[in-house]
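Some structures to go through are shown next.
Here chain A shows up in two complexes: once beside chain B, once beside chain C.
And now, the complex of A and B:
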């Protein structure tokens, strides 16, 4: 069982080495991470030079705090970062299903659970690895250019956000296993992530449990070193939802494939 | 124009250099891979232009949409 899992896991790695995901995903996150501190640093200069302010107008643009810049970086990750991640992984199972490669894997006595969990661990390692590299670059530039934030705040906030990324990527994998169309997977997962964040922003009282609260918890960890109330509730709910999604996908996927086999 | 050159001088190149290097690496890898592929999704010459002229996004678009799986 374990050997079989390792074989599938290695297959995932050779694939992501071949299509350069291990190279370009970290680069995307580094560039995204570094952009925010640099643009905040030069913002005043840019406005002064190109803003077309009347001669003699004095504008005092305060430099943002380090915590603000780090929160802004995570904001970038939530928009462009998620878009790139979802597009990169939307076809994880879906394209294998349409091209039929998964049948070659699955005719051998391979359990669906090892097939999916091998993919899951691989995706999380790749995305969280890219995120860690990119966010470290952001922290480095922020400390260099803007100001220091206590390291414990940075680490705890970054960790909480990592759970939110894991949640979204689990969603991508599960939708990818259940639907054949990559576009549907992309819209479904981005839409859900967006909906959860927006609802958490506007009706926080109702959405205490929501995984979408995690990003605002990580912001407040940056600012004050403490999460808002309801932190453990949303953390627990997120982990539970991840487990439920994985288990139900394995069960549903199993049934769907069996139905297809008996139908053919 | 004067303002532009002034702004260019104000930029601390040591800070920006890593980004430029990373973008360059990404571009070269995407370009080499694109040239080595037998077939891409859509005409190859368009992908080459996209990779070369759209900064950062071009190579990523190529990696996501341009490569044929297989």
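And now, the complex of A and C:
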């Protein structure tokens, strides 16, 4: 059981090495992470060079604080970063189902939960790994160019945001296992993440439990070193939702028939 | 003792019954063919045996001597095997063997044995995405065999191949017969006749005829005469109807096949029939009806 899990896990690992996911995902996150502190630092120069202000206008653009830059970096991750992650993993089960490669794996004495959790752990390792590398780059340049933020604030905020990434990637895996269309998986997971974030922004009092609150908790950890009200509620709900999603996906996947009626 | 046995197996998709009341038993050590036209329910049956589909009725029993998940004792080659193209043939076989529970070392040994068996030892390190159809099919058989299962199930193993690939796979199956039980489906009678010991003929979701190849040949092959004449034998046929040794006939323009029950009597009678001589015989052949005739009869 455990050995088969390792075999499946190793297969995922080798696959993402061969298609260079282990190279380009970290690169995307490093670029995103470095961009925010650098553009913040050179913002005034950039505006001046491109002639954005009328002559005689007094240039007085205050440099953002370090916490603002870190929060801005996570904002980049939530947009472009998530898009890239979802596109990279939307087909993790769905394309195996449409091409039929999963049949020859699952006809072996392999449990469906090993098949799915091996993919899950691999996706989380790869995405969180890229995130850690990218965010470290952001922290380094923020400290270098802007100002220092207490390390405990940085670490706790980054950790909370990692849970939010894990939640979104779990959603991607579950949708990929349940639907055959990669496009539907991408649409469903990005749509859900967006909806949760927007609702948390506009009606926070109703969405205290929501995983979408986690990013604003991590921002406030950067700023003041303390999360907002309702932090443990949304943290607990997010972890619980992840467990529920995984368990119900495995159950549904078990119930689904692998071979389709080919009509032949 | 049967290795795997089904009783009243049925599978319904919405309102169509793909398989119904299917009783099948596969002997250990035998090569069994599941023969039938497209749409007879062969693939659905095999999918239920492997556990990829769940039957809506009936049961599947695997030999009680082999405990636990029956997937441990099965090897399966789907009709269209799909591999991870980024793996090499050797890597895929090791992957398949390890999934089936072989320890790493043994998986490696078994994988290289398999490559040799299917004649891919020189291509083992190449990526599967560059393999030809015949190579993929042979690799598919190898991945089904790599953990030495009790039974390998092959879905249409030769249908998609060109004549050379087909020959290679049939020869491979003949060699495999000696050390493992095989169940395979095909819509080509000739393939079934060539390699199988037992044949189940399926039509419209159920088994219509079953037996060993020899039994089927004995009971269903009747002596027959193939005649070809210059003049149409149609009128002469009416006189033939009254003869008690005639079982059946089939006329195709000037070609006539007469199935009889007593070869000697029929030959004597036909040869002294003057009306037949008037039709100007071109060909007079003593033969046997083939299983093909039986196959065509039961599936039409």
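In the analysis below, the second predicted complex is superposed on the first by the 255 of 264 C-alpha atoms of A that agree within 3 Å, B and C clash if a C-alpha of one lies under 4 Å from a C-alpha of the other, contacts with A are read in each partner's own complex, and residues count from 1 in each chain.
FYI, contacts are C-beta pairs under 8 Å (C-beta built on N, C-alpha and C of every residue); 3 or more make two chains touch, one makes a residue touch a chain.
A quick note: this is a predicted structure, and the numbers were derived from the prediction, not measured.
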| item | value |
| --- | --- |
| Which superposed partner A:24 touches (first chain B, second chain C, both, neither) | first |
| Chain B versus chain C as contact partner of A:99, first or second or both or neither | both |
| First (chain B), second (chain C), both or neither touched by A:84 | first |
| Chain B versus chain C as contact partner of A:145, first or second or both or neither | first |
| Touched partner set for A:34, first chain B, second chain C, both or neither | first |
| Contacts of A:237 with chain B and chain C, given as first, second, both or neither | neither |
| Touched partner set for A:7, first chain B, second chain C, both or neither | second |
| First (chain B), second (chain C), both or neither touched by A:70 | neither |
| Common interface residues of chain A - those touching chain B in one complex and chain C in the other | 19, 99 |
| For the chain A and chain B complex, residues of the former touching the latter | 19-21, 23-24, 27-28, 30-31, 34-35, 38, 42, 45-46, 49-50, 84, 87-88, 91, 95, 99, 141, 144-145 |
| Chain C-touching residues of chain A, taken from the complex the two chains share | 3-4, 7-8, 11, 14-15, 18-19, 99-101, 103-110, 257-259, 261-264 |
| Chain C residues touching chain A - in the complex, by the definition given at the top | 13, 18, 38-39, 43-44, 47, 50-54, 69, 71-72, 74, 76, 78-84, 86-87, 95-96, 98-101, 103, 140, 143 |
| Residue ranges of chain B touching chain A (in the complex, touch as defined) | 3-4, 6-7, 10-11, 15-16, 18-19, 22-23, 25-26, 29-30, 33, 56, 59-60, 63-64, 67, 69-70 |
